[in-house]
Amino acid sequence: MLSVQRSAPAEPAREPGEPRVPLLERFTGMRDRTVALCAPLSREDHVVQPMPDASPAKWHLAHTTWFFEAFVLDGARFDPAFEFLFNSYYEAVGPRVPRTRRGMLTRPGLDRIHAYRAAIDHRIARALGDGALDDAALARLELGLHHEQQHQELILTDAKYLLGTQPLAPAYRDLPRGAPAAPAPLGWRSEPGGIVEIGAPRAGFAFDNERPRHGVLLPPYRIASRPIANAEVLAFIAEGGYRDPRLWLSDGWQLAQAERWEAPLYWIARDGDHALYDLAGVRTVDPGETACHLSLYEADAIARWLGARLPTEAEWEHGAASAPLTGHFADTDRLHPERAPVTEGERASAGEGPRTALARGNPGGMTTPGRLAQLFGDVWEWTQSSYAAYPGFQPLGGALGEYNGKFMSGQYVLRGGSCLTPAGHIRPSYRNFFPASARWQMTGVRLAQDL
Amino acid sequence: MLSVQRSAPAEPAREPGEPRVPLLERFTGMRDRTVALCAPLSREDHVVQPMPDASPAKWHLAHTTWFFEAFVLDGARFDPAFEFLFNSYYEAVGPRVPRTRRGMLTRPGLDRIHAYRAAIDHRIARALGDGALDDAALARLELGLHHEQQHQELILTDAKYLLGTQPLAPAYRDLPRGAPAAPAPLGWRSEPGGIVEIGAPRAGFAFDNERPRHGVLLPPYRIASRPIANAEVLAFIAEGGYRDPRLWLSDGWQLAQAERWEAPLYWIARDGDHALYDLAGVRTVDPGETACHLSLYEADAIARWLGARLPTEAEWEHGAASAPLTGHFADTDRLHPERAPVTEGERASAGEGPRTALARGNPGGMTTPGRLAQLFGDVWEWTQSSYAAYPGFQPLGGALGEYNGKFMSGQYVLRGGSCLTPAGHIRPSYRNFFPASARWQMTGVRLAQDL
Amino acid sequence: MLSVQRSAPAEPAREPGEPRVPLLERFTGMRDRTVALCAPLSREDHVVQPMPDASPAKWHLAHTTWFFEAFVLDGARFDPAFEFLFNSYYEAVGPRVPRTRRGMLTRPGLDRIHAYRAAIDHRIARALGDGALDDAALARLELGLHHEQQHQELILTDAKYLLGTQPLAPAYRDLPRGAPAAPAPLGWRSEPGGIVEIGAPRAGFAFDNERPRHGVLLPPYRIASRPIANAEVLAFIAEGGYRDPRLWLSDGWQLAQAERWEAPLYWIARDGDHALYDLAGVRTVDPGETACHLSLYEADAIARWLGARLPTEAEWEHGAASAPLTGHFADTDRLHPERAPVTEGERASAGEGPRTALARGNPGGMTTPGRLAQLFGDVWEWTQSSYAAYPGFQPLGGALGEYNGKFMSGQYVLRGGSCLTPAGHIRPSYRNFFPASARWQMTGVRLAQDL
Amino acid sequence: MLSVQRSAPAEPAREPGEPRVPLLERFTGMRDRTVALCAPLSREDHVVQPMPDASPAKWHLAHTTWFFEAFVLDGARFDPAFEFLFNSYYEAVGPRVPRTRRGMLTRPGLDRIHAYRAAIDHRIARALGDGALDDAALARLELGLHHEQQHQELILTDAKYLLGTQPLAPAYRDLPRGAPAAPAPLGWRSEPGGIVEIGAPRAGFAFDNERPRHGVLLPPYRIASRPIANAEVLAFIAEGGYRDPRLWLSDGWQLAQAERWEAPLYWIARDGDHALYDLAGVRTVDPGETACHLSLYEADAIARWLGARLPTEAEWEHGAASAPLTGHFADTDRLHPERAPVTEGERASAGEGPRTALARGNPGGMTTPGRLAQLFGDVWEWTQSSYAAYPGFQPLGGALGEYNGKFMSGQYVLRGGSCLTPAGHIRPSYRNFFPASARWQMTGVRLAQDL
């Protein structure tokens, strides 16, 4: 049973005044967008699995379709073998191809997967037209749409890993890129703490892990005005941050040594200079751009080096509660984080190093009180909160109970969505989660400090 | 700089009215007890490392001595090589033998380690007699005593693993064992929630990770009257708990499959019956005894199977705040958890299965309101809280800053101490921590539920 | 410098009376055949690497082209990056993509690889037409043709592994298959031993590892009239051969346990029956067919179980010296070993089990003296000879010296070619080599015995 | 059934004129010597297993005793558990402690193992005194004595690895060491080749793998007058031999890279100089000493670099057939290879580098014709021969058939014994065998060349 069922009819989050889009139209648009995201990939790109955590695009195309077939439709299956091939992890549904072997599936070929998509889309459309779906099925259809968006982001992160780690490092496609610049100054917003509410309200769509909404007692704290930029990462590298164990969590230090980390993922040392691969190809690192592809270990070490820490997810969500739900999402079609906006007042202090800015920030709070840039979009922001159940958490019923709850160990919560996240997918209460070692996701760092 | 320094003169926690023991006497007694714990081990037992996480007794004997030499004493070292050999993990102090190679150190031999202990003990005693230690050194000496206690417990857990996993499974020594019995009934104590304070107060000794004391907002909840007993584990096994993925966290299920878990560590399948190894040898599982050697994954699965969950560390500490600091610690010299005490009223309901008891508990709360048995001692109780910094956390200064803080990822908090913990080592605010996979520690499960 | 250079003009082995085919025609035909072998594969099939030892078809297409470009042509490279991408193992030529990462190369795409082939083919054709290649270059061109044939066989073995180990086990293409039958009787041919010559003669093409021709002293021995058939393997399985350590080499037993071998590779247990996957799909095991996809460990265990042993490579080559160079090669287009031919005399003894036949064989030698069936083609036959240099071995000069010599450790010699080997590629002196653990090659077992 | 049984009464190889030592005296002396070899080891040294291939001394003490108990004596076992604990690899005898877990056996302790030895020794002595052993039992007793000698050598090699790879690198004991010197010149003895006989004659003790004696056809070749010395290894290092893939077998190069080999095992880089650890401690490398602790991969690379190759085992044995069975064995109590003796004539050419000497050797053969120094003792000499069965090989009957035969894959033959081999253990036909990667044995390199 879906959480939406316990509360309200299936429907996406809407801004006030935003018109309600008919469900069939939403469904069709969502499905088409997934296919469009794969269009720049060659047929070969669709099939290879570059590492266990990154699935082939063909698998994403099929798995998202299987989700609708398995959880929304009744009746005969398109191909009985697909249950085994394209179930991701639902133990209650049955056995499946091990995650590490998804890249072995050269068959069925891409054409057959597109046929599968078309067939299921047709059946869903007909069922919607016929009014054949009851509330529970509609709730699962709604969940399927959000699920599809999650895989849209994964298609991009996984393709980036596939393309960016092979010798020729080909671009995904041509994308607009700006001129390098200095980052916006890094300021702070102070919060008095106290009891705050976090989590999704009872009405409207949310994943089960965002509920119930509940109170949390926050200490006084302050939170940074923007995520850290490449300028800060370049300084961390230059000052030996990747070689100083005192800055690192013990597990992180061991991993960094074993894998010889010297910079974020996708950075390339080039004659003393730093370049990076992004979905448009290789170019020199822009110090002003928001930093990305950092593990929690690196995020934590950089924060410590800057005399700060990562925020808790409650601190983050409280900070974000009053912010407009806007940002650079995948629809801005840059597919890389941008530079935080710089205000007039900030231009005066441009050129200061990050530690100076942090020190200055101490007494007076931030230059532009209240403004927290880039909370939504650009980069997923690591929190120091382990991914765990909220008090009173109720997983979905049946096999869908495996959607979130069983992953509540060994992972950290990330917030806010990224430049690869579909617009409209994110809420302030949205909880993403990855292991502390993950670097291939579009992850970044926002700082916090105790007051 | 030690946290004790920031607050109060170095001194152990004392119950009101308890006489102050002179520091030299405490030091000598502590050091002697470590040696006494190793006495039942053969010389061969002292040197072998049975797995990366379990260190040889000889290494414990040397490392605890090195701690005093490195952090309390000045002047010439007993043997300059010992810095490399017996530093555990302090990166700031220098390189060291990898943790996985501690068992390769056949040299120096046991006699030389005992000579090392004697020499350092003599120097510490002289320094105490001469009043040569300043407040900072005294604070580090105090820390060294608590550190020694932590290794006293590890000597037992590691020796148990060494002895219990070799073919002959020899006993550590003869220990008193009672007759099998049914467990005490499992009841509940309800808590209204609200803002509660947790963490160590400013005065008195505590590790840096227990501070600062701070408020936490708790939901209404209830907590079980005792940890789960072998009877519950036997039922979990009998009803297929180890074979049902729906009960398990995803990581736990994968590990349980890979390592073919079918029962807690040290349990032995014997002709359809269950035996277990404890430090006194092998005997039939007693259903009444408190269950132990469970990973967090098993703890979580058993809780889910019983319709409950693990408590948070704040819930646990709040429940424990009013309890007397007594229990079965290592000084009771049983070295295995006991049966929870059974009251007269409880005897009436004896024989009910755990799920019946849980159901009955729902409306009426627990039979003996307020009584939470075995909070301290017997078994370390897993909480669902990941090990993380408290708001405002300040690690110790210098190399000792590595004592706790750098392990704050990938681990869970355990509370209350165990039958292997030295008496006097535990506080309500005491935070132990191990990975979710750990089974060789004296770990058990107390249940909680949302209200 | 090629060995052919040391002896004779570049030219393929020809049977007496066989017309000499013009080199350009041979080149073109060879290159076309490689492309034709890939035609049944989907584009997706071309790119995936199912295990470290099995390369993607696209890589084979490119690497064989690179070989001609690197070793025969001068001048500008088609694409400078291809040196890094498609060098297989020539350390002297420079760095290259690790063998285990060949399947990550989704780019360059298949179309570009075909363009690469066309461009190099064109340049070679023009150079041949212009007479621009000196003797050394012609010798390397000749080597390139034989090299291409080796990869033609690998394209089939690697595609078989890719297709046969994925869940749907699709056929490579439709292929003719006969009705099941009993195998031909297993007889013996006795050899008196003495000094025999093995190795390639000085004239004609041969790989460096086949030379120099030299004498070997053989003991009296006998060699089986045919390779073992599935009937023998079925009996080995039925009598517990895969569960009896006394039959196995120690390394083989450990591997068989670790990988849970219970039958040859590609066999599928089906309701007590045995099926197998071959390039035409899945069908019931035919007891009469020659057995294949056996490691040396299995070959050795089966031989021991039958009271026999594997032949040495000298015994094999001596036995093969007088045999006609004919057999079921890839051009017969069955791509699976056939049944050994049955003579009239043999039909009488049909139905005997293999051990009976072996016992009867002891006194009287073989039923049809002198006839050794299936020496060439059908299956590569394991010998008990480790792959090592012949006395006086001279590797090729320059980077081509790495062609064979550096692999002379940890491998065993196989002889005779298989049903996947291009016709015309094999000589009696031909030495193939694989590790004892290899099962994905078209390998089988011919028995020998001491006299 | 033992091979000795098929041929002659159990008895050690004796030189003509050597008096026959009574069997009981031989048995007692052999057993005492094993204990004496362990005397310099501490009790801790007896129990630790520093790597899977190196067993603890305590295990050697027990296993050699078990061999006599299991294969010679009848009746009640000393301790039924010892079958499981101290069986090395005899599958036919039953299950056993995995080889990798031998170091976990802290119990039974060393005292009990000595008691086990005393008890079995007593029973064997009584049985010999009573004449209670039949010919088959006496043959197995004889085998047990040779088996004991093999483990005497392993006790030294394994203790060396244990002591030499721990941080303090303690000496096994004080041992005489000479002053550094230049090596003897390296000359050659030419052999015309032809049919030669190798293998053990039918009479006298030999392992089953040395039989049957048989003819081998050898090419003309020459063999070096001495094994290579540290001077040659130093030159190989100085000229970049460890960094040049063209010198190496492919498997060897990969291993050398993965394990970062830059010198033989036990060599220590010290300020541009080379030191080594031997059983007497650490000292500067002596260029004149025979080089040791080289894998076959290094041996092969050094030979290639010197324009030579490793001999086959038949070449070696033929060269050794006429040599006196004398050399520096373990009884010379140096436990490290010595310098090859230098004759008057050789002193003239002292100071030449190895490649000069090799070049000069080409035309004129060796300076002192016929003299091959250090064939027996000093170092085991790698041959290029894979360890395989001789034509007509018959393994021993019953469980003892596993003694040798099942290891006939993946290993190379070494010849001649070493400075750690007990005197009297070696024969010209003696075949030792280890994987190409093995470095912890006392292995060295004698060169050969084709003529």
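In this document, chain identifiers A, B, C and D correspond to the written order of the chains, with residue numbering beginning at 1 in each.
One rule holds in what follows: a contact is a pair of C-beta atoms (placed from the backbone, for glycine too) under 8 Å apart; a residue touches a chain by one contact, two chains touch by 3 or more.
These figures come from a predicted structure and were not determined experimentally.
Participant: Going by the average position of its CA atoms, which chain sits the greatest distance from chain C?
Facilitator: Result for the farthest chain: B.
Participant: Where the centres are mean C-alpha positions, what is the separation of chain A from chain C, in Å?
Facilitator: A distance of 49 Å separates the two centres.
Participant: Can you work out the whole-Å distance between the CA centroids of chain B and chain C?
Facilitator: From the centre of chain B to the centre of chain C is 61 Å.
Participant: How far is the middle of chain C from the middle of chain D, if each middle is the mean of its Cα atoms, in Å?
Facilitator: 37
Participant: Would you please write down the residue numbers of chain C that are in contact with two or more other chains?
Facilitator: In chain C, nothing touches at least two other chains.
Participant: I'd like to see which chains touch which, written out pair by pair.
Facilitator: A-B, A-C, B-D, C-D
Participant: If we count contacts the way the header does, which residues on chain B are in touch with chain A in the complex?
Facilitator: Touching chain A from chain B are residues 89, 91-92, 195, 214-217, 219, 221, 245-246, 248-253, 296-297, 300, 309, 384-386, 388-389, 391-392, 401-402, 406-410, 436, 450.
Participant: Under the definition above, what is the set of chain C residues touching chain A in their complex?
Facilitator: For this pair, the touching residues of chain C are 42-48, 50, 58, 81, 84-85, 97, 103-110, 162-163, 165-168, 170.
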